[in-house]
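In the two complexes below, subunit A is the common chain; its partner is subunit B in one and subunit C in the other.
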Partner chain A sequence: MANIDVLTILPDLILIGFAFALLLAGAFSRVERQVNFNMVSALAFVVAFTVNWFQYGADKFGFYNMFMYDQVAGVFRFIFYGIGFLVSLMSEPYICGRIKHKGEYYALIMLSTVGMSFIATSYDLIMLVLGLEAMSLSVYVLTGMFKTDERSVEASMKYFLLGAFSSAIMLLGIAFIYGTLGTTNFGEVLESFKSGLGGTKPQILLVGAMLVLAGVLFKVAAVPFHMWTPDVYEGAPTSVTAFMISGVKAASFIMLIRVFVLGLQIVVFDIVTVIMVISAITMTLGNVCALIQKNVKRMLAYSSIAHAGYILVGFVALNRTSLGAIIFYLMAYALMNIGAFAVLALFQDRGNSLESLSGSGFKYPFLGLMMTIFMFSMVGLPPTAGFMGKFYIFKGALEAGYVWLVVLAVLNSAVSAYFYLRVLIYMFFEDFKGTVRPAINATPTAVALLLTSIGILYLGVFPQNLFELTRKCMTYIH
Partner chain B sequence: MLAGYLPVLILAIIAVLFAAVTLFVSNFIGHKKPSEDKLLPYECGNVPVGTARERFPVRFYIYAMLFIVFDVEVAFMFPWAVLFKGLGLLGLIEMAVFVLILLLGLLYVWGKGALEWE
Partner chain C sequence: MISTYLAYLFSGLAVLFAISTILQRNPVYSAASLIGVMVMLACNYVLLNAEFIAAIQIIVYVGAIMVLFVFVIMLLNLERAKREKLLISRRAVGVLLGLALSLKLAMVGYASKILIESGRLKIPEGMGSTQVIGKYLFSNYLLPFEVASLVLLVGLIGAVVLGKREAS
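This part shows the complex of A and B:
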């Protein structure tokens, strides 16, 4: 039994238990009685978060070296469970009346989070793919959760087909890697670099690494694998978009770090030259396309592409500061996106055009204030988390000597101010047209909004502690 | 470095050539005496009664999906049963967990009313 060590995935097992309970409760109870499912889901995430809190610190291997629970995995579990908690809180007013089967909705959120956590904990390429699939399959279904809404179903279909292709490409890459090294386990991969290959680098290994990279970059939504992003993020239910844009993105980046910094260290410098170009194109394209969007969700989708570009800068720099900064940025990014989408979800509008927000800032001052904080954070203005995230990423990149990349990123941030602040211009400087009305009885969403905004301001004013934590946990690199 | 993969390339070329040549040659020199019986779709020896591309109720799909779940279960259980003694108590527990999860799935399906023929 010693090799199994269930404790490595204990919080995830708890989540799976809750998910099954909600599934069954949803199947056997009447729809009117399912009002508290969001609270059960939030509770599950709180329990998982607490368990992880007590487990954090010690490195543990489990399931015959399929899992390695280290500090990075612990930090990412905090992020994922936090995201799940906030999304559970904010979903209710938006999905209420639109989704009949709430048990399934919350169960899928939980199971998807389990998949993300498996990615962050995996110590084997096969386990990584399993986690990826667990995450993706749940999200495909969540995207199409509005079964009678054409755009939702279309988004789900697109996401599923392209996602399946990218998984296949990634698996092909893993097959090449297995063919070269004879193992998929990160520990054995490192071992074979030391002993077997004697410092040489077979071409076919690079081919495999590039294919895996393509699969990862698809999930990250980096150019040239970004085409699905706007359509899927726009068509998906707003609460699901919030979950995808924060959770799936964080999971993709830990996948990138886990595969290339922990596992296939030998090819990481070949990868970096590719990613450098990709990150420059990604952030520019994301920002330029976001400039002309009339739909807020679509604009945020392009902005997520741009943010992926910024975060990739941190990967290019590849030092401890920049990798720690990636984690910090992902936290900040999750907070501001969940917040912004919670405001959109509260307005219950399915069109999400910029005009529909006209004047809502003064009409609903609380939501206006919240949106202001989130948009300032997206631009990267102090004293918000978005500013500190960008600051640390750029600092890491400067330490590594990528001045031109940092200059480009800063220029891009300046461009992005236009379309983020335009949301606020519509909210505060236009006349109220009565097109949006926030849902009533949305206390949990209000709590989620408060938590995210407080988190953003806290991380913006006192970033030191958390950044030290993220920097310290990144033990893969010196 | 890529020289090691030369045999794979040669094999691929031979495979493609073989397929192409046999197709072409049999098309070229083979006798063709089509009759009505020969052109019928093969249906295990029976005389076809109509087109195979019929529409049938969507309800069957649910049964097909449910069948897959339990079919896979059996595929997983056979190897376990063969190695039952070697896997010991741990194997038994793992199989119990697996079957329990499937059982929950069955309960869910039942609760959803998917087992009823409406």
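This part shows the complex of A and C:
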């Protein structure tokens, strides 16, 4: 299959082109003043989304089997471009005046999305690693973009060092896998399982798989690789945190699925035993730590650890329902997080303490209503997407017979209601102290808020169509 | 036959340069000795018909990385290193680790010699030559090659964005 099918990466090429254009435009101050960077960026994501819409459906290999575009990859491209679009919309009022080089900001968001898209379409461990690096490097820089803010710089440094370590560990694992099988290509890996190894499973392959798993779980922010999460999510600019918490998380889960369900199928059952324990610890620790947080961003960071635990339950179950549910959950999760962080970003407060939100719910009813929808969805209350996501994941896990894991997850969700609803209690049942004031001229953010809340309610009320789609596209497993 | 003697010559010189690297008091002399090690290794690569690796060794290590080292020495303004009294236990650990590593390398070398002589490990025709590497880089590995350039670009933008001084 010596085909170089350039058209298969067309949406990514479009994004790269727009990113270069923004970088160039940022260099001329006269242009910089006249162009709405966030609108150009949003437009780029809309174009990429549309192109992907027309490509969706057919399975395609390209670039000498380095690349495989299937339906799962297509769905994840939709997710990534959607996230990029919403983040571009919500960023402007928050970074305005704080970041001088807006061209670079939006260009890095686009290039990071391109990296995510390459992860989702990779058919070779080398492509996977390069996609991961393109995504991570951009995010390290975005995290440190508030150069005068100590916490932002510290978060960037911490994330960069730990991220570099995790990448190195993952590369070591890949080296072991290459040493055992003599290839990094998923197709050839599958062939060598059938012919060369003759059903045996060398120990060194397991070692390699575990090291790769460690690298992936670092990005997922699962316990014991979660230490960086609260500091980085708190220190990063709020709009960047929204991007990381939704985009990078989704990319890490497609990486997990792509490596272990599509490629290294032979070790997936050994991996699942490990992940079962990790998911149980991850969701419990995330929720317990979130209980005592006073800072909303930090609380959401711990809650993201807990959510990673729930999603890993879906991976443990390893059937079509649960893997489809993972994709559905990631969509719901992206919507509610971008929404919640958009509200926080609109309040412009760098402290983000719970007290600072006091009484803002009645003072600014639109934002109050939005936050209510997002928090209900995070808890997993019925008319929202969060509920349906959890429902499908638990359904898949029950089908596979992991009753205790589901019971633990439901108990955890009950605990999490305390700290999510506490945000609403502060917003509606405390006196307004006048510490926060939303930014003016924030029409794009309002549009983003409307889109995310409508999305959450739509997925909560009519989840069937989308869930069927995600379940059907998961062709790796029967 | 002559290549064998040359290999011994280059390897011996590499070892001498390596010893000089760790014994020099002045960090700049150490760096210069390290260049010697790198060049001698490159000569050995040429003897092994891996001229591409040899060129890369010179360009990347002798060119780029050594310049980086010298810059660091210059910027940190390192004085002549004081000769520290090392604890005997620490020296023992160092010597033991060094011996273990040498033993390991000798084992790997011996094992691959046996594998090649018994014919179980076959080296493909033209392996390591510039032509073969180039062919792979622009056919099978075309997409990774291009994406790697994207990663480098992101790193470049990041360095400029984060490194630039901001007028407040």
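The rule we apply is simple: the second predicted complex is superposed on the first by the 471 of 478 C-alpha atoms of A that agree within 3 Å, B and C clash if a C-alpha of one lies under 4 Å from a C-alpha of the other, contacts with A are read in each partner's own complex, and residues count from 1 in each chain.
In this text, contacts are C-beta pairs under 8 Å (C-beta built on N, C-alpha and C of every residue); 3 or more make two chains touch, one makes a residue touch a chain.
Here the structure is a predicted model, which means the values were calculated and not measured.
Clashing of subunit B with subunit C is the outcome of superposition onto subunit A. Of the two partner chains, both subunit B and subunit C are touched by A:Leu23.
Using the contact criterion defined above for the overlaid structures, shared-chain residue A:Val141 touches subunit C, although it does not reach subunit B.
When the two complexes are overlaid on their common chain A, residue A:Tyr418 makes contact with neither subunit B nor subunit C.
Comparing subunit B with subunit C, more residues of subunit A are touched by C.
Contact with neither subunit B nor subunit C is seen for A:Phe366 once the two complexes are overlaid on the shared chain.
In the superposed model, A:Pro202 lies in contact with subunit B only, and not with subunit C. Judged by the touch definition given at the top, the superposed model places A:Met66 against subunit C, while subunit B stays out of reach. Touching of subunit A by both subunit B and subunit C, each in its own complex, is seen for residues 4, 23.
Interface of subunit C with subunit A (complex): residues 139-144, 147-148, 150-151, 153-155, 157-158, 161-162, 166, 168. Those residues of subunit B lying in contact with subunit A across their complex are 1-2, 5, 90, 101, 104, 107-108, 110-112.
Those residues of subunit A whose C-beta lies close enough to touch subunit B in the complex are 1, 4, 20, 23-24, 27-28, 202-204. Contact residues of subunit A toward subunit C in the complex are 2, 4, 9, 16, 23, 62-64, 66-67, 100-101, 104, 107-108, 111, 114-115, 118, 124, 126-127, 130-131, 133-134, 137-138, 140-141, 144-145, 147-148, 156.
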